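Got some structures for you, see below.
Presented sequentially are two complexes of chain A, the first with chain B as partner and the second with chain C.
Up next is the complex of A and B:
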């Protein structure tokens, strides 16, 4: 019997801190969502239709952000589910886990092919947070499938280790060619490869999100769960979303209208619906 | 002229980061039989303008004391030396794995020392982590598989191997107690 609502598990590792707002963001787009403990039963975990690894500081970022969590048994289970085609989104620290586990970019599945290095910013170091403008580079991933290539959206970032890097020759070009670069940091009008602060961490060619070849596993540094309602958008934000927020000032629309991050979770729901209808099939 | 002094900082109290890393190696990566201990030191390479090594040592001592950004004397112990060998101080059953960022930003400590606290003379401060890995059996030059074991500990290659560095953002080298060091590449 076909299920009416997709079920998502948000994985709670020790040290994450965005699991509740991520659950609310998923639910805001009509999906059921549970917070699932990292040491929970794998038999139960595989019953879900999709997974989100939320932001935070797993294992207090000890050794390197995401490095210890990437060795947890639950990641083996998620790896198998991703190979089977289920969507998995890693947000910020979750993205670090997906890269450290070799799930993304997954040219050779399971091989660590990229890193998320310390931010490089002029005259400062460490943690940095700001709203970023993002250009959609691929409209086939599980976080962008309801968007169009070339769209510009705005989502906040907050991290100290978010610079996508690789030593594998030709990998970056290959990721762009394959459509695996899902989002890049952009200027206000979508200009490519902007300088700091539009590129907030010095990421290679402004990469903000990368997927596996099938587009069902995505490592993204921006935090869409912090932008699912228009009320979360600052009035001072330049660009389309700031204008919408200012236009809604003083009305109830602020509380009911979706924000830019909602599109990410809408995409997740659409990706699952399509998969459950069998149009996409197992990867 | 530019002189380099190395400040080595370690916790006096329990190092939870080292404990977490050891626990990951032993229980998540199946190395309980080969790795029995792990300690961590932070090494700061501090480049200063000074007339010579003794003058450099005085300058760095003053910088470390005045800035309070490299260590907290209540919980850290530290030593200042000219550039040490990677294997200095290792016990017979230890190897060292040193991890550095490939293209790290100028460290916050250097920025803070220069622009916020007003210390002059510090030209560069780079940071690396020195992990001291205690093995169940003392390593030897002839030991088969020793370098492979160090790779498995030190360089993330795939889901199951490598913890202490990501080769895309960091470099790692291993140093043995008999006075030899090698770059660690992914397997």
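Up next is the complex of A and C:
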């Protein structure tokens, strides 16, 4: 029997702090969404069509950001669901969990192949918040499947440890070749591999989001849930989204029209619909 | 008379002890009482106090908890009531109505405090626990915290103590971001000033605001229902440890370098992770309470710990409590009773709930959210019960260690301090001759108190919760839309120019109100409430106390004089804090620093206005007369090294009319951008409007010196420097004054098609205005018709000093 609406679980680990707006962002794209406690029942968890690991500071960032949550039993369950092809988006701290659990990039599933290291920024350290321009490098992932490769969008980032790094030789090239690099930071005019502050953390080759080989598990540092409505876009933002925002200034439209982050959740919905169609086709 | 009889309970001998011996005993017990206060405690109790009682009274009667020097003054001058006020000062946060959405009344709860001494001693933890304390004050009203702001004052980063100052700046900013970002509350604004008077005593003020439905407000008192049924007292949060023991008394005396190490133990240890878990779990508890139809009391534990929180809960209802300190979850064994009772361990709340609800409340905290497992040793436990007699009883290991009337403990003491005016500052504010206006603008833009604060605010989360509409750096106030799906917006800003304090405390108070109001109005919001944090030196010094009284008088007069828009009501001051004893060990007080926060309402948040210029070919209007008085101004500090000269006086009528006009203009959608005039005057304001235009489509401006009807612009202020007219040199000075005067006002950008409607509003509202220029796409900033010579600066030339000017001081 066909389900009319996709059901998404936003996982609440101890210390996450973006679960409420992430739920609203999912709901804004016509999906049902529950906040699911980390200690909830796994029988219920597997009933969902997709999962979001929201931002925050799980387990106080003890050891490393995301490191403790990655060992949580609930992540084992999510690992299996990702292997089965369900979409899983890790945002910011959620991305750190997906990398620490070896779900992403998942060349060898379960092996930790990449890390998110401390930001490297000229003349400053610690946390850095900024709206970033992003180039869409893959249009087949569960966060970009309604976008086109080469598009430039804008989504805010806010973190202290967001620099994608690896010690595995050749891995970065391989991820680009496989289409597993989903988004990269772009310059003011959309140019690739920009310097700080357009690359806000010194990430290798400007990588902002990475997926597993199938594109259904994505670790992304930018926060799309903070950009689902036009009103959330800064009026002075450069680029296409800033111009759209200014064109709508003073109008109630800004409260209802989607913002750039909305495309990410629209992709999630489309990815699930496509997957369910495929499954019915198989049957 | 007393239940305190067990021989094991130690007492502080007061009765029949001579003064010098008593002083020695008090010092030995670590109490900061005066001899008179100690004797008063003994008289109230009718016996010698126990050690626990001594510590409780010592804390509750500290300046920090009792407002013993300030209470009368605050009561005399500040308007605290109004038709929109749900709860004025007195509980943990003030509450004001925001809007009714779908039949539900929503309110803003707001609290404003200082964490100055802890931040000077241990900057990171001091600032972090400042955030931790202020958000608890808002959470415990049943509200969800939707924003924090941080007004900060530091020493001279390049002065004698520059290295230590820069360490403190770094530590404080780090403490704020590490705590607030982890907790997940957005930072909506604040400000930073540097002056050598803060070298040995920085100011870290914190504001938190929360959203709460009016019918879901929880009070910080035992519910009256407890008169008829059994109520438990539940303590939840971090296990109690000795941290912060003596914190309130530490905040109520002068910092002393030699005691710095001891003082470190008076600073609490922050844990934002646990705070977040408590916030989420408490949301579930409050839902349970609402669903069951019960009424509870809820209070955070701050200064004075368990003793202060539970006695105040009781006193507010005329009821008593009996607490068994043995039932408090502790982090280490063998803690003395007075430490358990008075330590200021962070991340704790006290709930007073009907006994039948207690098991479910404990289950939510301890089992559903697994507090004891995920945050070692934390959790919820019943520690006592409500008693009908209005007494505060503490038991420990089977003995009664405190038995006093709740009223005696919480009513406390009150002092009438001596007040004596200072010699007025009478320096002439004449600018040096031969200044190059272009160089002056670049110097002022790059000066440490004017340059961009981007280096600081980019450390702070501003978009978590998804409510952000205007972020720090984009406008004069932060704007959020906190009710999902509703169009109503909240604007908030805080202000307090310390250099006014150096000259005239009354004006410092008044201008703090006026500027915070302007900041909120500049984004298009109507002010609905104020809070204040009053930072001063030792109130026992008559000149310092006079500064305090004058500042409070200035705040009160401005709140009444400006008032709510189109209403006879004052803007109510609904919450606040007084911080005394801010001075160096050498005895010099900080600049008198009244800091005011203003909250405003946007009926339709889509009509908010930001400060960056939007497009070329628009007109730029100046609202508000310039003043010849340059006291406290950035230009005088920059070119003369000192600005202790007479300051522009706030004209409440002008401010009221301008606020009304600017918000009318915003609501009608006539303003493309708006920026208030403050540090650096018109020249800096217009430069900032250029510098905050979109980076890929810069909008510059051509500005002429403000004039009125073709004649030299009216200069407000009767005692300003005379003889401007005539010589070229004096005309050049006049133009500098006009460009850099910090008298209150606004700059507005308006499209040509909207100009007539804009002028109608300005005329209707009786606002002084002058068209001062035009926006120009793609180029920098030109000043024309200046006696000192026209000049143009590219965006890059403006950006360099403004971007870099304060960075060195902040790392």
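Here is the rule we use: the second predicted complex is superposed on the first by the 278 of 283 C-alpha atoms of A that agree within 3 Å, B and C clash if a C-alpha of one lies under 4 Å from a C-alpha of the other, contacts with A are read in each partner's own complex, and residues count from 1 in each chain.
The definition used in the following text is that a contact is a pair of C-beta atoms (placed from the backbone, for glycine too) under 8 Å apart; a residue touches a chain by one contact, two chains touch by 3 or more.
Predicted model, so just to flag it, every value in this text is computed and none were measured.
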Query raised in the report: When the two structures are overlaid on chain A, which partner does A:268 contact: first (chain B), second (chain C), both, or neither?
Result: neither
Query raised in the report: Where does A:111 make contact in the superposed view: on chain B (first), on chain C (second), on both, or on neither?
Result: first
Query - chain C versus chain B, contacts on chain A by residue - result: C
Requested in this report: Could you tell me if A:91 is touching chain B, chain C, both of them or neither one (first, second, both, neither)?
Outcome: neither
Requested in this report: Could you say whether A:126 touches chain B, chain C, both of them, or neither, answering first, second, both or neither?
Outcome: both
Query raised in the report: Touching A:100, do we find chain B (first), chain C (second), both, or neither?
Result: first
Report task. Based on the superposed arrangement, let me know which partner A:59 touches: chain B (first), chain C (second), both, or neither? Result -> both
Report task. Would you sort A:9 into first (chain B), second (chain C), both or neither based on which partner it touches? Result -> neither
Report summary line: Intersected contact list for chain A, partners chain B and chain C 59-60, 123-124, 126
**Report entry** chain A-touching residues of chain B, taken from the complex the two chains share
**Finding:** 16-17, 20-21, 24, 28-29, 101-108, 111, 115, 156-160, 162-170, 186
Query raised in the report: How about chain A: which of its residues touch chain C in the complex?
Result: 12, 14-15, 17-18, 20-21, 24-25, 37, 39, 55-57, 59-61, 123-124, 126-130, 156, 158, 188-189, 223, 225-226, 228, 231-232, 234-239, 242-243, 246, 249-255
Query raised in the report: In their complex, what parts of chain A are in touch with chain B?
Result: 59-60, 62-64, 67-68, 70-73, 75-76, 79, 100-102, 110-121, 123-126, 163, 165-168
Report summary line: Interface with chain A, chain C side, in the complex: residues 174, 177-178, 181-184, 271-273, 276-277, 280, 368-370, 374-375, 455, 458-466, 468-471, 474, 481, 484, 487, 604-607, 610, 612, 614, 669, 672, 692-697, 807, 811
